[in-house]
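For reference, chains read A, B, C and D in written order, and residue numbers begin at 1 within each chain.
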Amino acid sequence: MENLFEFGAGILNAQPFSQLLGVKLVRFEPGKAEMAMEIDEKHKQQHGFVHGGVISYLADNCLTFAGGSVLGDSLTVEYKINYLKPAKGEKLIARGSVISSGKTQAVSECKIYSLNGNEEKLIAAAQGTIVSVKH
Amino acid sequence: MENLFEFGAGILNAQPFSQLLGVKLVRFEPGKAEMAMEIDEKHKQQHGFVHGGVISYLADNCLTFAGGSVLGDSLTVEYKINYLKPAKGEKLIARGSVISSGKTQAVSECKIYSLNGNEEKLIAAAQGTIVSVKH
Amino acid sequence: MENLFEFGAGILNAQPFSQLLGVKLVRFEPGKAEMAMEIDEKHKQQHGFVHGGVISYLADNCLTFAGGSVLGDSLTVEYKINYLKPAKGEKLIARGSVISSGKTQAVSECKIYSLNGNEEKLIAAAQGTIVSVKH
Amino acid sequence: MENLFEFGAGILNAQPFSQLLGVKLVRFEPGKAEMAMEIDEKHKQQHGFVHGGVISYLADNCLTFAGGSVLGDSLTVEYKINYLKPAKGEKLIARGSVISSGKTQAVSECKIYSLNGNEEKLIAAAQGTIVSVKH
């Protein structure tokens, strides 16, 4: 399990865009991935909320990592996201899980939460298709 | 038309996340929006391509702006994206258009292209729902 | 709860298309809806599996009913579906639940299962937006 | 071209569900598919409009046929649909086109129109991924 986590953290660290946004891998085990990001001024849109593009990035990446936890190095080929609440607070947490997988492809879902003090709120939900890079 | 473009550019400039990524409004008229972004190291993932999250951000924002060109200040409530080709080259261009609209809601579609020398390639396609902030 | 179930069953019975396909409401309570359909020759495509359009119909309807369990008479304005496995067997079961709701709008998700003997298999997953008819 | 049309019409005729709904292939050429369906009482929901599930079926099938026009026998693995207007009138027409394709996979989009007298109205838009059955 430690090796799997290191594999995942290594990929996240090798993504300049994830480093720019300040995202950390929290959990990575077969079929599950969790990421967290401290909310900062740079993540925002014109009304002071986290930009939808940041939430989308988190969804995309967490869907990929969930799929990658069973497929190895992977990428998201398509997904859909519903924004449910404005994203504000101290932190965003993305939790992804695989709902179906084969040898080269998986379907994952991801829920995104904002953390404000102790209150965790569901702010977005996504679903998408992940394929192995080697397929 | 100039006023509409200034309204759009003003919103884009008021988004810290869009400034962080270096996105510019190219065209903004009723039912249409176009944005461009020079590709930089910071936008990339572990294989040297533009991160899917950057493409998603562009799709999300361009869908919103297309909708906002007829609705005023708006946000995307949901969308879907298909990544079609790896994103590389010098520039990304997002072109959004409204396919249906009412008083407080619109549905937009967006195509994203990479520019490599003179070659423009379709790399992603998105479709989503936009609502007026005031509704 | 009995009244809510009767309200739901009444709407399903008032849908000629649902009657044509032979769909029954199994469960209907605040935030949850479940429907079932015996698989028949008429539901199939050219390879002998249930047609994707039948599965889509079930997803659409079950997403709407889940939303309608909290909103009243409703309709689905958009959704996305991933087909996970070929649909065959005796029966299809759709289970929908609300993941977020306001006064006039909800977001639901729906999983669709095939039943073959005693084996239940996840064959499709959907997510979409439902709005109240009166809003 | 005639052979391609016959190939498509043959598949549609081999789908019991498409026969149940009364759908006809109108156009089928590389990258394009068009289908039409006379609206009948059996297609409706509780408010007298065509059921969303029928529109979804048309989108699913037309996306698949568009993809199949370049890939051969195919199926839709995922798609997303936005319903834009209530569907009523005499006829529904679905027009699908491929926006990107490889050897075993394509991405298509589909617009669905209602025909009421001479008035054609855009009532739904869909986008999805199609894979070759043999891949």
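Note that in this section a residue touches a chain if its C-beta (ideal position, glycine included) is under 8 Å from a C-beta of that chain, and two chains touch if they have at least 3 such contacts.
This structure is a prediction, so every number in the text was calculated from the model and none was measured.
S.K.: Count the C-beta pairs in contact for B-C and for A-C, then report the pair with the higher count.
M.R.: Comparing B-C with A-C, the pair joined by more C-beta contacts is A-C.
S.K.: Of the other chains, whose C-alpha centre is the longest way from the centre of chain C?
M.R.: So the farthest one, by centre of C-alpha atoms, is B.
S.K.: If you average the Cα atoms of chain A and of chain C to get two centres, how far apart are those centres in Å?
M.R.: The separation of the two C-alpha centroids amounts to 28 Å.
S.K.: Where the centres are mean C-alpha positions, what is the separation of chain B from chain C, in Å?
M.R.: Centre-to-centre distance between chain B and chain C: 33 Å.
S.K.: Please work out the Cα centroid separation of chain A and chain B, and write it as a whole number of Å.
M.R.: So the centre of chain A lies 21 Å away from the centre of chain B.
S.K.: By the touch rule stated above, which residues of chain C touch at least two different other chains?
M.R.: In chain C, 77-78, 80, 82, 107, 129 touch at least two other chains.
S.K.: In the complex of these two chains, what residues of chain C are touching chain D?
M.R.: Result: residues 11, 14-18, 20-21, 41-47, 51-54, 56-61, 64, 73, 75-83, 133 of chain C touch chain D.
S.K.: Taking the complex as given, what residues does chain D use to touch chain A?
M.R.: Within the complex, chain D contacts chain A at residues 77-78, 80, 107, 129.
S.K.: Quick one: in the complex, what on chain D touches chain B?
M.R.: 80, 82, 84-85, 99-100, 107, 109, 111, 122, 125, 127-129
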